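Each chain carries a letter (A, B, C and D) given by its place in the written order, and its residues are counted from 1.
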Amino acid sequence: MTTPRIPVGIIGASGYSGLELTRLLAAHPHAELRFVASDRWGGERVRDRAGVSGPAGDLLYGPAERAAELSDDCQTVFLATPAEASLKLVPELARDDRLIIDLSGGYRLQRSEGYPLYYGFSHPQPERLRAARFGLPELFRSRLAGARLVANPGCYATSAILPLAPLLRAGLLADEPLVIDAASGTTGAGRKLSEEFSFGEVADDFRAYRILRHQHTPEIVETLAHACGREVRLTFTAHLLPVRRGILTTVYARLAPGIAADQPRRVLCEAYAGEPFVEIARSAEAVGLKSVVGTNRCQIGVAAGDHPSDPGRIVLVSAIDNLVKGAAGQAVQNFNLQHGFDETTGLADLHPAYP
Amino acid sequence: MTTPRIPVGIIGASGYSGLELTRLLAAHPHAELRFVASDRWGGERVRDRAGVSGPAGDLLYGPAERAAELSDDCQTVFLATPAEASLKLVPELARDDRLIIDLSGGYRLQRSEGYPLYYGFSHPQPERLRAARFGLPELFRSRLAGARLVANPGCYATSAILPLAPLLRAGLLADEPLVIDAASGTTGAGRKLSEEFSFGEVADDFRAYRILRHQHTPEIVETLAHACGREVRLTFTAHLLPVRRGILTTVYARLAPGIAADQPRRVLCEAYAGEPFVEIARSAEAVGLKSVVGTNRCQIGVAAGDHPSDPGRIVLVSAIDNLVKGAAGQAVQNFNLQHGFDETTGLADLHPAYP
Amino acid sequence: MTTPRIPVGIIGASGYSGLELTRLLAAHPHAELRFVASDRWGGERVRDRAGVSGPAGDLLYGPAERAAELSDDCQTVFLATPAEASLKLVPELARDDRLIIDLSGGYRLQRSEGYPLYYGFSHPQPERLRAARFGLPELFRSRLAGARLVANPGCYATSAILPLAPLLRAGLLADEPLVIDAASGTTGAGRKLSEEFSFGEVADDFRAYRILRHQHTPEIVETLAHACGREVRLTFTAHLLPVRRGILTTVYARLAPGIAADQPRRVLCEAYAGEPFVEIARSAEAVGLKSVVGTNRCQIGVAAGDHPSDPGRIVLVSAIDNLVKGAAGQAVQNFNLQHGFDETTGLADLHPAYP
Amino acid sequence: MTTPRIPVGIIGASGYSGLELTRLLAAHPHAELRFVASDRWGGERVRDRAGVSGPAGDLLYGPAERAAELSDDCQTVFLATPAEASLKLVPELARDDRLIIDLSGGYRLQRSEGYPLYYGFSHPQPERLRAARFGLPELFRSRLAGARLVANPGCYATSAILPLAPLLRAGLLADEPLVIDAASGTTGAGRKLSEEFSFGEVADDFRAYRILRHQHTPEIVETLAHACGREVRLTFTAHLLPVRRGILTTVYARLAPGIAADQPRRVLCEAYAGEPFVEIARSAEAVGLKSVVGTNRCQIGVAAGDHPSDPGRIVLVSAIDNLVKGAAGQAVQNFNLQHGFDETTGLADLHPAYP
């Protein structure tokens, strides 16, 4: 007897995350892709755009504005849309017997006051916001059970929270502001038509953007505060790398008084011992994009020790694929979790795209 | 009447810095390249390796071991050699009527105890070390006059010191440890034959290296301490970018109590008002590799303000070409300074290599 | 009832093709990886180098010199070794009940006189050479049945033969010398430790190599001659692209008298109608690396028409991933074919690595 | 006594060629940049966009529509505009005492029938077309003297004509169709705002474009026919490389009967013996982008010999920087030539941008 497949739909299927999600769900043994919406590619065949074979490849991209109607039989709907679009779509799509996994930031912040500051709008649905669950399975697996609206974490947020949360929770870090310095490939910015993202501008360049005002900041702050039960101060900076995929995040913290330099790595190893998608590297220098791009993994490394120029400093380095563990792969992991499948289903055979 | 040209020599001419220096000096109106040493390219013609025309192109690469003898008539000798080689060459080459500009780290630290820790050797010439001058003209122009041994600053150090020194000197920054997070193109690591630097390994990757133990750390610490007259604690991290040239450095500090958010940019503008090679950008986001690669410029940007997640934070971003302002161009600037030429001679017409 | 898995081994597992093969076989539902040999990574765990999970990840890399002994229970052995190594290993490993798939050029040429000219050695086993089968399933499926030694085609050869063979066979091309101009990512050259393949040399560069003497030339000549039953003259040129993976091949031929411009595309569509891994693109301009890298596909496009500057000219463009359809994926396809599995097993869910 | 500077203007200064031209002319000892027009950057300062210092940096970009009026005192006007714009501007700007150097294709073809076919318009000024001179100094220096309208050659055309013309003129090549296969960095396509040229699309990709209909085809055909006094048939294909700058062109021809394999290289060496910007490399494999990008050079290599698979074949490889020798540098060379300056003025000190 074979497991029946869950009928699923994707709205926003032509963005980079939506495209990755299309590919992952087309190959997922327990999902049946029934509806894919994209205004950009409306009427085209999924095979021709996503390069997938099988029945999913035969689907045609449908119009986003008729999503509620056309996804009627989908038990899970994935939104790979901008936050503003998700805010409109979620109320239309919400049903008791349906799981919505939203890849935007529209429902990620528990405190709605972050929205005007970082997203430029007041959140119109504060109750729904409180009901949404932040979909980071490694930290919140138990709280995610039965959720009807999962806010899939931001890519930078995933890469910053995973190395920090266990150390904060265990009280290993001093109560000092954290510095989170991250760099992402261009697909992290989405498929925008602007000179800023043309090959001639991005190739061979490197720069910081949205300094002190990046919208992933508040979800990192909230989640870490939740993890350790106290306020957390931090500065997060994003940089644009001349590569297509991958995020590397370097975190600067300080060991709490009396904590030995080798303790943080031990705590991370224990915290993530059973986790199929988190790997504690042998060193912080061993962490790099090419070990994770193409996979749903987060690789984490730790450096600490008697550094004469800044005693007590600890440096954490983490790497993920922004489109997989940072978006579509994590969404599939959340899908698996909610439907009772092994969390690695459809994700285990992904291997590094490199060399 | 034309100015006579200064006879100059380069030892270590086949490394990336040595190659850049060869090109700059070949086109310099007041230098006459007389001797270029490279064991690697011994016997080959400079034209064929460096692509330069004119008389410098006709030179043959000579053997490094006969450098002292063959550079006898050179009034200035540039060492683009590893620190260990410079330590051997400087005593052989030193003369009262000769300027030595050493691009290695061999004579950069005033306190010799940094050598065992960061370079892996005890410095054999502590007196000569004290006599050497750290060749960052924008900060130490007056102290450089008459020097016979100039220690040309490290590339990362140049990019970190220029934005920080005026702010520390003016007392604008709190006495908190600094975080200096930098990324460099692969030429910063020199021309090494290792799998680690093969195209297949570096392309599309990004990683940190020598965390908490990079050898440019002590020269940053010493120089900043010198600038502000007190000890400075800091952590410096280097990353490897998949580009050939350029360094972007992101610095995290905190405003001292009572300092307004717009003061630091004003102080930087004043400090570098007459400097031809330092540009204060309109914003920190405007700073990027492509504005500086190919030139001797350092571009600096500032972000500060009422950032709710970490009040008082100030972020500085700077960019240089690691082979020009970070090595060969700064060496030419030092050469100009010592010989009384305009500091921009041979450097003014360099323009960004990018569109 | 589940199909039993075929025990398999890989020799030369640390090269780029061997690594890709390790990943494909680790995820293959009907293969059980029992032995992986690599002198370079001897004693390390497959998980740590190949990033694969499951039982294959637990294997340790073993020594190549004990391959015959340690692969004793492997029903299929894959050689991802240089031609010279394959010539030594095949006689040691050959058995009536074992399939050997050799990814090197050691057994590809039917006429042994090509070896001294293009490979630099006289072939020591002319009889075994004649018994080997050229493993291009789309053209030689019937001749491959029951083979014990399959010579897996070269990457450039695959990309050149697939677009040309059906047209030559159908008599659509004039009897004029062909021009085959191809460009490959650096992994096509294997994992070599040479300055030539360092990031600083390859990035932003493009050049031709082994002009008029590339070793894939004779296998293209022989295979095309075999396809059309007459001698074929051609010039093949390889170029090195600053990317990791992918081959794009542009072929210049001439329509035979009386052949209409739209006939070639029709013939190609028919020839490859049932082939899961060959796609005839809507135009030659639509063919590109990013549609195929990460998959086992070959994409082919045709341009022909009334070009006033050269009437009768036809231009074919094809693209493959040099490590998949050009090496490891095609080897798995041959494995599937010989063991009676669907040819797409373990290959169908590969999707483009891009964006 | 110093030579007076020629007042010059640039229209279309914000395109990649116009930007490069701005930089070259700003540093040119005998040119005085008086007017730069760009609708895109209107009102901005040249320093801020082009990164140039000195008086040229103080200019403001002016409006293209007032070009005729604002460039009134410019003795030479450079048009870095699309062909359609040049066709409008040239009649407005033409004067007996003024040199116009047009970088577009608007006046390159001697036979006006090429325009409808390759450019999509009928040429409105056939007389002016006949009066224009094709500005390839190495071949047409004597015919260029006194020209008032110089059609600066296309980038691909320059790279294809330079290796072929001397061989055709000397009768070394058989009367067979030529194949010209070329690849260019993205700046060759100009600064277009289209998804096609976004980083995510171009990076790691390689594809052919405008197959059998590229607009540089007719200028290559005409110029080569002119060089050898007979019709020339050829196919030209352009490819898009994932780099910013540089063109590599691989040409396939056949030796005329009785011509020895080493003759072509000798003839090329003689033809270009006194040319400062053409270098005959020691081999065709030695030719690459990184030797020429950043300079006004064309590097040419030859491979010919007893190639068993295609006897008589000769392969030529050439490389240029598409923005320098393929556009702005060649325009400066033409400027120097017309004004009686040494042709290398302002171009001699350019050195390769690599490593």
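The criterion applied here is as follows: contacts are C-beta pairs under 8 Å (C-beta built on N, C-alpha and C of every residue); 3 or more make two chains touch, one makes a residue touch a chain.
In this text, all values refer to a predicted model and were calculated from it rather than measured experimentally.
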item: Most distant chain from chain B by Cα centroid; value: C
item: Between A-B and A-C, the pair with more C-beta contacts; value: A-B
item: Separation of chain A from chain B, taking each centre as the mean of its C-alpha atoms, in whole Å; value: 39
item: Averaged-CA centre spacing for the pair chain D and chain A, given as whole angstrom; value: 47
item: Intercentroid distance (Cα basis), chain C paired with chain A, Å; value: 36
item: Residues of chain A touching at least two other chains; value: 16, 187, 191, 200-201, 204, 242-245, 354-355
item: Chain B - residues contacting chain C, complex; value: 16, 186-187, 191-195, 197-204, 242-244
item: Of all residues in chain A, those that touch chain C in their complex; value: 16, 19, 23, 26-27, 50-54, 187, 191, 204, 244-245, 276, 291, 294-295, 323, 348-349, 351-355
item: Partner chain D, residues of chain C touching it in the complex; value: 117, 177, 179, 181, 183, 200-201, 204-213, 217-218, 221, 233-237, 239, 241-246, 248, 250, 252, 284-285, 287-290, 293, 303-305, 307-311, 313, 315, 317, 319, 354-355
